[in-house]
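Below: a set of structures, written as structure tokens.
Each of the next two complexes has subunit A plus one other chain: subunit B in the first, subunit C in the second.
This part shows the complex of A and B:
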């Protein structure tokens, strides 16, 4: 392939990428460094980048400081997975309907969905609290799952709808002429072809669910055993001291399984998107 | 197998009417081609027959049964789409088997039917491949395979060859004609390519602006075009249409062509009077090089070996195309005289309707 950029442009592009990546990744690096230092070194003055006494002690001690840590990590993944699963169950038929069917107020309702997206959960915390209390869902997993699903459905519909619209209509017409019902066509033709799109939406929803659970957890849930990791990390803040190194270690370990899953999925994603299965 | 009757089919999309009161009776086992320029409504008409669109008015009768409101499967039709519409994630076998899977046919019977279809279409060794691994012609055959496993009464083809290159299109044309003979089925085929229409059809429906211009055998359309539109659409190269003025109506029609050439043509004069403007249609292949006759200045000469296609102008710049023998002694930039057989001329009145020819080549049965 021909080089489409001059040397100078390439330097500029890489410089921009470097700045961006440093901005994003430096906190992770600092988290990692902090997790390796003994607690007292964290408050050393002047700041010393390299310590002689780096150790992984925090990674073993954190389980003792916060005995429920494993549970919190599990809760985080469990809640995010449940939110993703439920959201997809609602989003797939809805997105398909928006992509293919004609019904009254189609565009209006789509616009409303987009509008809802502009509210952050925080604005609606108090009304949501009352709703969940009325439904008796406070202090259960549902308290964190239900609002999560509700806030992610609009994004999911918008993302998946545009993907489904790219699947040639003729494929569905062919199935229709051959006698297939809408549901059969959706199951055997549309969804298999939409797998890359489903993964993109699934990943987006999972990340959204992971990010938003903190707010719902600290507001709607008081039960320790049900807390997700971001809320659980609070327990590293003690009455007298904050064990920063252990908190950083726990945060990293908690994020790790998710990161691994996405590293694996990303490969699949790129493969799925470039296969061009839909194009004839 | 079955007959297909369209009765007063009309279709509007909002305010735009795309089909105007179309009635056609297609015989059992007939191969009928809908042909016309893009936007003439031919695909819409096919989709209405298929049940993918609903007619605004009129009935569709297949095999004597009114199926206007029926589901495509209950109509007994199957359709091959322009883009093949193969399922890229399914193997060739599953693609062909799809309609049978929908029917929930038992596995052994399904295998047998798919096998038979694959054999007819020479796809037996390709059954495990995905459509992406096939060539254009093979994909087209898979699409046809999917349409024949269900044993439909009427096959519908929507421009099935337009995605193929020219050489392959010729081969597939022959294959489709063969298939029609083998299956002995009623087929309706949509195309914008008049060569496909002429070569494959038992009868051709020429559509223009949502109306049927003419419905007849290829030779009827060629020798007796009902309108100027049909005349210029059928035939390659296109028929020449030369403006002319009527000079006399006794014993045929005497006209003066653009450029001053006067001819008497053996057509029924009907309601045409002296002084009326008409158009004389002359097919490029109906002229011969002669000593006297129509004077043409040759602009471009295409030597194809077997024939020399000559593009020139007559009179006040009216274009004229002539198909002459390959070795015709003519050169670009020169003038030539063409002899025209009056019996081979077509005359169209100001509305574009033909004046019936008194004599014409006998039709091939």
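This part shows the complex of A and C:
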């Protein structure tokens, strides 16, 4: 058939996939190998591809060397969860309005939201710093949560809107005809139907929130106990003697939570994120 | 006649009321999000524009008109930064698109194991960029990185190569890392678009004796063109804005070799507390991004029309 490959073609495809995956996974492999090597072997010259005394020591020692490591991981998860929760509170009603209702300045206001996507926090840091100082939020969790939410709202609205548009209108109209209020219809009819979409958007926002903590953390927060993992580890690089193997172990352990979430939900996530790219 | 017109007006009145209440209700739903964006993004943006006309630092502010912009226009260093940023963007985006297209074709091939391969491509996108960069920092290290180690082992170089210590190699190393971060997303969107192409088209071509390459060129590429254009312009914006990768790998060095507009703005404003000069740079970035976006919308419209997508 059309999809059948000759043996040679199969070999070629697998070889190409292998090269592609090596590029993608090399840093992870390298981090893992570094985490297994005893510190004194890391600096051996010339370079050795294989050490004979790999061990998992770094994974237990790192908790002593970086006493705040557990705290960093907790902070990362906490900040990302708060950002996700708050973002969803803003996104759900707004996305519903854009999916279903007609109102003045609908397109103009949607364009404003999407315009925010063009920026990164990096160009707005100085005034943002002042806003957060005025609100008294510097050096608190909020200093990292509030800007995080602002930059994820547009993406959230965009993703959830396209999901809500696919829910049949008839159910809402039926509830409406039966005399239910708009708010009641939204809460009791639309939201339960949208649960799979809410999960996809929620996870996408969580991953975004987990990934984007670095810049706001190093700029708006000086309190070490509140630092999220990427900023905490970055600070760790600046120490006099970096125990690199432990640092790599810490980085790998730190991304575990988000990797686990991704692995469980990747099928839905990928389908939800790319829905806009596929023609109906 | 009177009997007929009455029910008509009756059915109109509630409809009108419904529209008015719908508008109000909709703004109640959109309002909070809009307000939040206004405080955290729009107001700081306005403030940035105001600051760009000021000589501002930790000490205070003084109005100096267009002096900040005039300084930038005169600065050879700033012109180099702009050129470097565009070169950085062009190279990185091209590589992301080419690799993304190759990756999507490979992952779309009907071979056993492709489900697993699709998952394995995603980690760079899922994990925090800063942590991926720590891995690259290690790879690029001359003494304990595998790249330098391998180069020595096969006799390419005599001693350790510090990829991030020399101007040229640091620039291209940063691009490789940026491509690494951006490729999974591009691959994913291209793959989704390819799967959306109707099988009938391929089968019809196949029956007519068209080979794989022909089918790819004449069916796949035109069918996914709108997504290619979308991703090209979105990647351009993201790459232009990319800060963390450069900051963690090189902090813009060595000797400014990896300083792009965003990094430059950060260094001036946050590193040296020159708020006014930083703000002027930020405004230029915003203007460039706005031009991009207009260009994007215009281009996307054209492509969609050309390929007959609604």
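One rule holds for everything that comes next: the second predicted complex is superposed on the first by the 238 of 280 C-alpha atoms of A that agree within 3 Å, B and C clash if a C-alpha of one lies under 4 Å from a C-alpha of the other, contacts with A are read in each partner's own complex, and residues count from 1 in each chain.
Here is the rule we use: a contact is a pair of C-beta atoms (placed from the backbone, for glycine too) under 8 Å apart; a residue touches a chain by one contact, two chains touch by 3 or more.
Computed from a predicted model, the values in this text were never measured in an experiment.
The larger set of touched subunit A residues comes from C, when the choice is between subunit B and subunit C. By the touch criterion defined above, A:180 lies against subunit B but remains apart from subunit C after alignment on the C-alpha atoms of chain A.
Legend: residue contacts after superposition of the two complexes on their common chain; A:26 is shown touching subunit C, with no touch to subunit B. Applying the stated contact rule after C-alpha superposition, one finds that A:146 touches subunit C and leaves subunit B untouched. In the superposition on chain A, A:61 makes contact with neither subunit B nor subunit C. Looking at the shared chain after the overlay, A:168 reaches subunit B, while subunit C stays out of its contact range. Subunit A residues 277-278 lie at the interface with subunit B in one structure and with subunit C in the other. Listed in rising order, the residues of subunit A touching subunit B in the complex are 168, 170-171, 173-180, 184, 188-189, 192-193, 277-278, 280. On the subunit A side of its complex with subunit C, the touching residues are 2-3, 5, 10, 13-14, 16-17, 20-21, 23-28, 30-31, 33-34, 42-43, 45-49, 76, 89-91, 93-94, 96-98, 101-104, 106, 109, 112-113, 115-120, 122-128, 130-131, 146-147, 149-151, 153-154, 157, 182, 207, 210-215, 219, 229-231, 233-234, 237, 244, 247-248, 251, 254-255, 258-259, 262-263, 266, 270, 273-274, 277-279.
The part of subunit C that touches subunit A in the complex is made up of residues 19, 22-23, 25-30, 32-34, 36-37, 39-41, 43-45, 47-48, 51, 99, 102-103, 106-107, 109-111, 117-124, 126-132, 134-139, 143-146, 148-150, 152-153, 160, 180, 183-184, 188-189, 191-193, 195-196, 202-203, 206, 227, 230, 237, 241, 243-244, 248, 262, 265-266, 269-270, 275, 278-279, 282, 285-286, 289-290, 292-293, 309.
Subunit B contributes residues 50-52, 71-73, 77-79, 81-89, 98-99, 101-103, 131-132, 139, 146, 150 to its touches with subunit A in the complex.
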